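Here come two complexes built around chain A, the first alongside chain B, the second alongside chain C.
The block that comes next holds the complex of A and B.
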């Protein structure tokens, strides 16, 4: 919780700034609409957190989201009775893609940056080949309910977000979380002390794939079929995690802070939009955040070692 | 540390500069240079706007096209015929086609229609098509490659206007060239086939809103992206119409053609302005997402325009909307093959083959709405009489 404080403070400032421009934001309906819009990115950030804290990257989530939505539309094709099986299939596909990413990274020792970049290309190429560039079919009302509808005033996506967030926080407090952080901090030390690092990393990738599947269900439900639905989401998720103070390279940061980072990013986009600043700037903002966050991390490191300055060897 | 501070200051300055300068047409643009734009919120006129083309296209809307009324893809408005005797040769023919892309539903419907049309003509012995996948450089090499394949005629649907011009000019010397959809900056093709055009599209939609939205009403304009001539013409025509009206354009936003982004933008505008009285769109692909934003906000859907896509037409009927759908008909994909055969038989063709560009209105909606066709199908495909319909277009036999 203490680790999440700085980003929560930034988030509060941004939310206040939005409320000043748009008072409707303070009403329950307005705020819930914001939560609903942020939900997919927050869920993706939670999934991405597991991978990053274990010392890896997952660049494939954006195209995985697109692939899932396109597959869902094609298979459901407006048929209400297909909703259940297709939802189950999407979850399985998400877990499977995560499993492949994880196994190739750990067992074949290919850097995850390359594995998931390859997966991004494989998935987007496969989607293009399968659809010819334009998605076909339609989602059923039952499918779209999760992204569009709600339980009374509460959108389903907000409820799903709460459930995912609770599970993620619980996982990180359980033994799994501790082994994952140990793995990210120092793979060798963790392995030597009996952590099954490969298994921990594979699970992390599978959580990321699962998060992408859930995000795809919410995004597809929100706005329907589109071949661009997942574009750039991998970078938004990584930016969100980094913004939450999670260190690239692994071993440090909390999942709560990562999710708060996603809310902050979404709040920032909302604010930019309210001031009429072009959406094209979103990528620029993300780029600045990633570079600044990593640079800030690097600047802090020497200070940590200052006590050693007294050491004659270090001073020479 | 001072260096660190300086860096922060520099970054801050950069960000601030970015904020102040990059403010494209969103929300109310203060005092655009053109006096006519005063207070209408439409911003400066597009540099793609050509008054003469605008006037010509708006005039064409009321002209009666020549040709069979049940086959609009063979009709032509105000033709100036050219002689093609020099291209006359005996069949059977080998026709070639350089396609810009099949990367959106509009092009997919068109491409299927063209393939079915090719199957109708026994004189076409061979039909070779190359897909440039939306890349100019690939299309340039495609056109060169096709010239080496003994084509009797070359059909080109250019990816972009200016970049493809030299490639088309080079091909003109070797085979009769037929260009359709987007144009090129040379008159060397034997014929250029297109519907009336983007000005007519944009004006049709804007005029509908001016008629249906009460004076002073707030209109939101949604565009896909800036800088593409066929889309710029649509918006620039709408701007002219809105500037003359008493409507207030509260925003001109770019959606990238993305449904989620469209829905978010419209939701934001509903929140910010309380009420939006009309929505103008330069393309119908995300019209349903815009409509859903109003539904999800629990407010009535204002007058809106879409396009002839089935999902929009279905929504229009189900929700009883006040709507209109100007079109950019996909039946134009049939015409190039018909033109190619005419040219090779030495028959006259129009230099500018302007096809009619009908509007879907509440009166004729039921004739265009085909519930057995997929949601992204374009109603004006002119493909109903072609072999393989409706299955080849993704429809179900009803």
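The block that comes next holds the complex of A and C.
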């Protein structure tokens, strides 16, 4: 909890700034709309956190989201009765992609940066090879409900987000979390003290794949079917995790902070929009803020932060 | 920590054995053998399809296709060897092409000024990358991603589509050739030779390997590691700038999407790693990168000649890259056993 404090403070400041410009934001409906919009990125950040804290990268989540949405649209094709099986299939595909990423990274000893980059190419190529270049078909109402609808006033996506967040925090408090952090901090020491490091990493990748599947289900409902739905999400998710103070290279940071980082990123977008810095310049401001935030984090903790640049790549 | 586990030391032991078989398993040899094999397979496949693989046209095509990526990948090799990496090259290429075309504005007289401006801007971007990484201690991944976003914002804000005009004389850089060798390929070759000389014959080259191998040890042995990293980033960005000039010459104008459409950021990293350079830094070289880029280009050509769907190409690429790196990783572990 204490490690999440700096990013939570930043988040509070940003939320307050949004509320000053747009009082509607303070009302339940306005805030829930924000949560709903942020949910996919926060879920992706939670998944990415597991991978990063174990000392690896997952660059494949963006194209995995796109692939999942395109697969869903093609298979459902407006048929309401197909919703259930397809949802199950999407989860299985997400877990499977994570499994492949994890096994190739740990057993074949390929750096995860390359494995997931390869997976990115394979997924984006394969899915459009299958659909012939553009997304086809349509999602059913039942499928879109998760991204759009709600249980009373509460959107489904917010409920799913809460569930994912609770599971992620519980996992990191359980034995699994401790072994995962130990693995990311020093893989050799962890292995020598009896941690099954390969298994821990494979699970981390599977969580990331699962998170991508859930995010895809929400985004498919929220934003609809397009070939760009997942574009750049891998970088956004990694940025969010790092904003939360999680160190690339592994072993440091909390999952709560990572999710707060994703909220912060989303709040930043909202704020920039409100102040009329929309469109292209938004990227410039985003770039400056990301560098500044990470640099500030490095300066504030000069003792705890050991430069691990080289390590991070080796571990990736 | 994985640095040690993943076969750096074994490689050195392998060199000591020095037999022909061990030599052939060095990544550089592997990638060129794979290239030969791929050319043979491509020749057979295209012949079965009723075409001819190594025509003048396709050889020139392979060289032209790979020149821009090749130049970027050489710069990326330097950054990766120093234990860093650069994700900003794609947007920098777009920016460079726009700056070049806008300054030239179709006039022959302004070519020199435009080239100078592009090189200066690229060097500045590299300097920023390097200083953010070394002085502000931001991880290279985040630092260069942030700089990439900054450039993207500026470029997208100022331009919606192609802008500027490149004079005929400069367009020669993109298309003309001497015999079977395009001018762009010669440019690539000269960049590669300069980088090779830098890495293997100068003090800076040894320092780059030292910093990439182990930054702490390098610092303790008196190398100003920060300066080395900054210099590699400046060189990497200048290479991206040169690639931007080349692409501006080919398009006849600057374009805000020319760098990202080519996927030069991730693809250049993939080409470097395909060439056997370790992503962790400190091991590898320019020759492997040249082989890696050519391998990707030959793969492209085979797919084009067989007229296979271009999405299939991405699938094969992804698999090839992962398999290649898995082979290099196995090589290391086997010898240490």
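To be clear about the criterion, the second predicted complex is superposed on the first by the 279 of 316 C-alpha atoms of A that agree within 3 Å, B and C clash if a C-alpha of one lies under 4 Å from a C-alpha of the other, contacts with A are read in each partner's own complex, and residues count from 1 in each chain.
Assume contacts are C-beta pairs under 8 Å (C-beta built on N, C-alpha and C of every residue); 3 or more make two chains touch, one makes a residue touch a chain.
The structure presented is a predicted model; accordingly, all values stated were derived computationally and were not measured.
Judged by the touch definition given at the top, the superposed model places A:281 against both chain B and chain C. Judged by the touch definition given at the top, the superposed model places A:226 against chain B, while chain C stays out of reach.
Touch criterion met: A:136 reaches chain B, while chain C stays clear of it.
Partner contacting the larger number of chain A residues, of chain B and chain C: C.
By the touch criterion defined above, A:37 reaches chain B but does not reach chain C. Common to the chain B-facing and chain C-facing surfaces of chain A are residues 133, 279-281, 284, 288, 299.
Listing the residues of chain A that touch chain B in their complex gives 22, 24-25, 30, 33, 37, 77-78, 132-138, 148, 219, 222-226, 228-229, 231, 270, 273-281, 284, 288, 292, 299. Within the complex formed with chain C, the chain A residues making contact are 55, 57, 59, 104, 108-111, 113-115, 117-122, 124-126, 128-129, 133, 186-189, 235, 238-239, 242, 248-249, 279-288, 290-291, 294-295, 298-299, 305, 307, 309-316. Remark: chain B residues 4, 11, 15, 18-19, 22-24, 26-27, 101-105, 107-108, 254, 256-265, 267-268, 271-272, 288-289, 292, 296, 311, 374-376, 394 touch chain A in the complex. Of all residues in chain C, those touching chain A in their complex are 1-7, 83-85, 132-133, 136-143, 145-150, 152-157, 212, 214-215, 266, 269-270, 273, 279-281, 309, 311-319, 321-322, 325-326, 329-330, 332-333.
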